[in-house]
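My questions all concern the structure below.
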Amino acid sequence: MVDPITATPIAPPPPKVDPSVRIGDLVLRNAVMPASGTFAEGLAEIVPFEKLGAMVTKTITPQLRGGNPTPRVCEVGQGMLNSIGIPSKGIDYFLEHTLPFWRTFATPLVVSVSAESGDAFADAVARLDAPGVAAIEANISCPNIEEDGKAFAMDPRSTAQVVAKMRRATKLPLWAKLSPNTGDVASVARAAEEAGADALVVANTILAMSIDIETLRPRLGNVMGGLSGPAMKPIAVRMVYQCARVVSIPVIGCGGIATAADAVEYLLAGASAVQVGTATFVRPTAMLSVIDGLAEYCRRKGFSRVADLTGALHDADMTVYVHEAAS
Amino acid sequence: MGQTISFQPGLRAGAASATGPTAGPLPATPSVADVLGVVVSHVWLNDEYRYLVLEAPEPAPLARAGQFFNLECPHTAEDKPFLRRPMSLYRADPAHGRVEFLYKVTGLGTRALASIKVGRTMRMLGPLGVGFSIPEGARSIAVLGRGVGLATLAPLAEMAAENGVGVTAILSARSSATVMSVERFAAIGAKIQIVLDSDGTSDPGNVELILREAAASGRADAFYTCGSNRLMLLMQRLGRELSIPGEVALEQQMACGLGMCFCCVRNFSVDGVVEARRVCTEGPVFRLDEALPW
Amino acid sequence: MVDPITATPIAPPPPKVDPSVRIGDLVLRNAVMPASGTFAEGLAEIVPFEKLGAMVTKTITPQLRGGNPTPRVCEVGQGMLNSIGIPSKGIDYFLEHTLPFWRTFATPLVVSVSAESGDAFADAVARLDAPGVAAIEANISCPNIEEDGKAFAMDPRSTAQVVAKMRRATKLPLWAKLSPNTGDVASVARAAEEAGADALVVANTILAMSIDIETLRPRLGNVMGGLSGPAMKPIAVRMVYQCARVVSIPVIGCGGIATAADAVEYLLAGASAVQVGTATFVRPTAMLSVIDGLAEYCRRKGFSRVADLTGALHDADMTVYVHEAAS
Amino acid sequence: MGQTISFQPGLRAGAASATGPTAGPLPATPSVADVLGVVVSHVWLNDEYRYLVLEAPEPAPLARAGQFFNLECPHTAEDKPFLRRPMSLYRADPAHGRVEFLYKVTGLGTRALASIKVGRTMRMLGPLGVGFSIPEGARSIAVLGRGVGLATLAPLAEMAAENGVGVTAILSARSSATVMSVERFAAIGAKIQIVLDSDGTSDPGNVELILREAAASGRADAFYTCGSNRLMLLMQRLGRELSIPGEVALEQQMACGLGMCFCCVRNFSVDGVVEARRVCTEGPVFRLDEALPW
């Protein structure tokens, strides 16, 4: 090519990459969104929300809730533990005071919700069917009081029950956020799909613990908490791979994503989009570099659409035992 | 504290309301940014405290007294801090584009921070949080700090002076070797009282006497404190008794610094009801009368 | 105190710390032993085996087995994945050729064993009741062919079955090595105890995956593999804590231990001894520094016996929801 | 290969037998240790290759040609290798207590290794594995290497020379800029043939001619190769045809280097049966006729 004015040769423009992805009926302008509980209004000054694929709220509960004792976080190597709990002002407060803020952005809003029983979940989901809510993300990694406090998503049966109840309660796209604290995430994924989930988010934090050997006390006020950040990435990538092989709804990868390379790993493993959590604490602009880096990777590797990365792993010649542990 | 002179660089979303997010879009010009500071000086003040000066682009040098930054500490062979570390503004110099910190080396993060060399860069998120405010009509304030808390109060004293408000500064420390920032307070003509553990003068009874005298002689239209639970309780009790409004700068473990993670909550007593607030967004400066001991 | 010869004052000798621990009937000279699969003859030149609390063999299977395709390991941040599989020359070979080597050391030998069904496990355990074998570690994190390849230790029922069969087959101390790839390790632990296990090892590697985004291929020849090293420590510490609360047999902590501080964390969480795996690859003398560091910690903190660290966590004032996920 | 002159520093447990561990206690004096080396020189030879010289206590400088070390690479801001990295001995100098490596910067670990400065220390585990051996009665050997494989063959050539065995060295490289160790081979009076991709001389057909000529003129009583699959297959075929014994130094990903983890296996054809062997313990030097392509 030649510059029409100077008549000097110019490099061809880099090939255009389509960054958009589709999660069920929802088309997102790109594959990157925040993880629930790691995103809020305060980030707007640093990250233009119009650049994100979607916005995801902190989990909201039907009623006012306090959250856990402090300390609520601690570092562990290249990761952190949190036991924030789910402090929440309740759905009414959310609809009245918080939703109007989110509505001022053109980016789809995903509302994360949690409740203590299937019926409470259904009721909450129904109440959230409001203008400005693009999808519901059901945080079913939370304890189910009808099952002795075990999380819904630890078990395919309770997952199916709670998702089915929510499905009947709303026409909004319904995403189920799975827990990594299960021995059989693939079965849980299938149960959620069969019960009517439109997408899966894989995964929430991994239950963990850290002890201060000087004070001999747990480093979290709640004793145990959830591991997030790079340390959990290989585990969550594996779960995305296991889930994507057994469901046909989109899987959204989440866990330790800090760079575009991390996001690519999730997409290749089968994810259709990704959520960035802890990385935003460490580098508030992390999501923006993941967005740019994804397009750059596609350009370099000759993919014309970010969506083409989904499941593009070269594993056809490899034998996979989905359930098999390693050592 | 009734009407206040606002010394804030502009209200931010989180700071605007302690009860919830505001509706409507945010101001177009960001007053918080994650900028790259360049270390221009970094020295030990004594065995424990380091003094760090950075050149940083705006908005960093627009930070006000009581605000803080969330600093990305470097990694060393031994220490690889994962999260950032919050540090109060020690001095902001918009004219020269400088931001200063004074910190105590306590653990992983500050040990790593202590390794950063002149000329190296460091990401600094800020300015964050709600800074100090001085009640309208105040002619003189009393500040009471201990340890690294003095670092947080020094820019408040200067802000007061700039606004023609007098300062009484009670500086508490273990021994004379660890009193810091005396020159800063002296430079603005503050009435300085140093109280020490080593000679018993830091005893709460003695500090109470000093504060009462300051109040009695009209040198304490407002109280400010930082760095000691015991001194905070003392000032709170006196403030209530003498109807002197006040503010306290609090600390809590932080992850995001931006009001997103809810790890930095502390409890406050608001009209008799206990309420949890995020130190990073609703604070770190709070009304003295609502603070609860930690 | 005064030096009797020079008459100058001398510092009192540091208080003696008893480093020994008891695992059921077995008294170990200290709390530190290698993890199965990360220890072999080749280390003898670097670590005097007489200094270890016990020796643990690579898992042995009844018959000759090949192991997995290469690459068999990859790094992930502060940890590694492996899909070694269980290459094994079989029990007969072990008894004839390998056991005599181990018998030359005075340190108790723990033989790790694995099989594909409960009966095969029982048979293997019976054959290993030979002079020089101090205990059996049953690696029940391996796939159970009677349960569609799911690991025995993913489920309390299959754990109970396989442990009960082994229990009937041997009088040797029987340790069950649990898998972290389960949603309910506490129930698995209880099942193993009820079925007759004398101790638990918690835990094996966590199933994980890593992808090379340049080649678009899994970084392990087996696609998925087990995460070990520091990255898994907070998860395994949590599991030790959960297990130790619900069983009265000793728990042996394993996962990411590289320093004495790591070992202390496990002991405080409830472990009676620890295994060091991946750290030996990174620093072959790691076990020796853990041994020395444990005694040093006890001295500094005023514990007269390393065994007193077990469960010494200060959590009495804290509310614990053993099953509850965090976020 | 029949009877061999053993140049091994002493048999080690793992190395003693390819079929399983030996019974009985190990030798009292360890011939493997994890020692702390001090970097005395560390320079770039060209854009890709670095040359590293360390001072290290025994047994490190007793290493023999073909053996290797497992190096603990330092951590840098960008690269934090978790596992060690295996590197062949490039030169051992027991008299001066030195050990040398020549390596190519390829990824995380070697990038981090490249950052280590003169005066810094590095843990090095070794010497590990089974080195080269020269058949008894051999008067002259032919070595064929490519890329960093030349580094592994250089000390073999010196060992041959010390034992009065002549050396023909065929050095294959992309271009003349990337041929390494020529001086090393020259210094011992080896007959050197440089073959390049840039002028087509590295073509297997040409290399075959050179090897055949060496064999025909009695300069190849044994074959040695390292660094190229294609060249290994060529030498293996010729070795079989001409009944020339040989050895090949192989690479495989490693974790422990000590025969414990079984990650470093490669397949070999032993009397027609495929057998997996650990490169770290049964190798890295293997019989050429049993090696399988990778």
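Note that the chains are named A, B, C and D in the order they appear, and that numbering of residues resets to 1 at the start of each chain.
Everything that follows uses one rule, which is that contacts are C-beta pairs under 8 Å (C-beta built on N, C-alpha and C of every residue); 3 or more make two chains touch, one makes a residue touch a chain.
Keep in mind that this is a model prediction, so the values were computed, not measured.
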*If every chain is reduced to the average of its C-alpha atoms, which one ends up farthest from chain D?*
B
*How big is the gap, in whole Å, between where the Cα atoms of chain B centre and where those of chain D centre?*
61
*Chain centre separation in whole Å, for chain C relative to chain B (CA means)*: 48
*Express in whole angstrom the distance between the two chain centres, defined as the mean CA positions of chain A and chain C.*
33
*List the centre-to-centre spacing of chain C and chain D in whole Å, with centres computed as mean CA coordinates.*
36
*For chain C, residues contacting two or more additional chains*: 37, 76-79, 82, 84
*Residues of chain D touching 2+ other chains?*
80
*Drawing the touching chains as a network, do you get a line, a ring, a star, a complete graph or other?*
ring
_Full enumeration of touching chain pairs_ = A-B, A-C, B-D, C-D
*In their shared complex, at which residues does chain A touch chain B?*
37-46, 58, 66-67, 70-80, 82, 84, 87, 89, 93, 97-98, 100-101, 104, 229, 280-285
*asked:* Could you list, by residue number, the parts of chain C that touch chain A in their complex?
replied: 36-37, 59, 76-79, 81-86, 139, 141-143, 148-151, 154-155, 179, 181-184, 204-211, 213, 215-218, 221-228, 230-231, 233-235, 237-238, 241, 261, 264-265, 268-269, 297, 312-315, 318-321, 323-327
*Mind pulling up the chain D residues that touch chain C in the complex?*
12-14, 20-26, 30-34, 72, 80-84, 108, 123, 125, 252-253, 255-256, 258-263, 265-266, 276, 281
*asked:* Which stretch or stretches of chain D touch chain B in the complex?
replied: 74-75, 77, 80
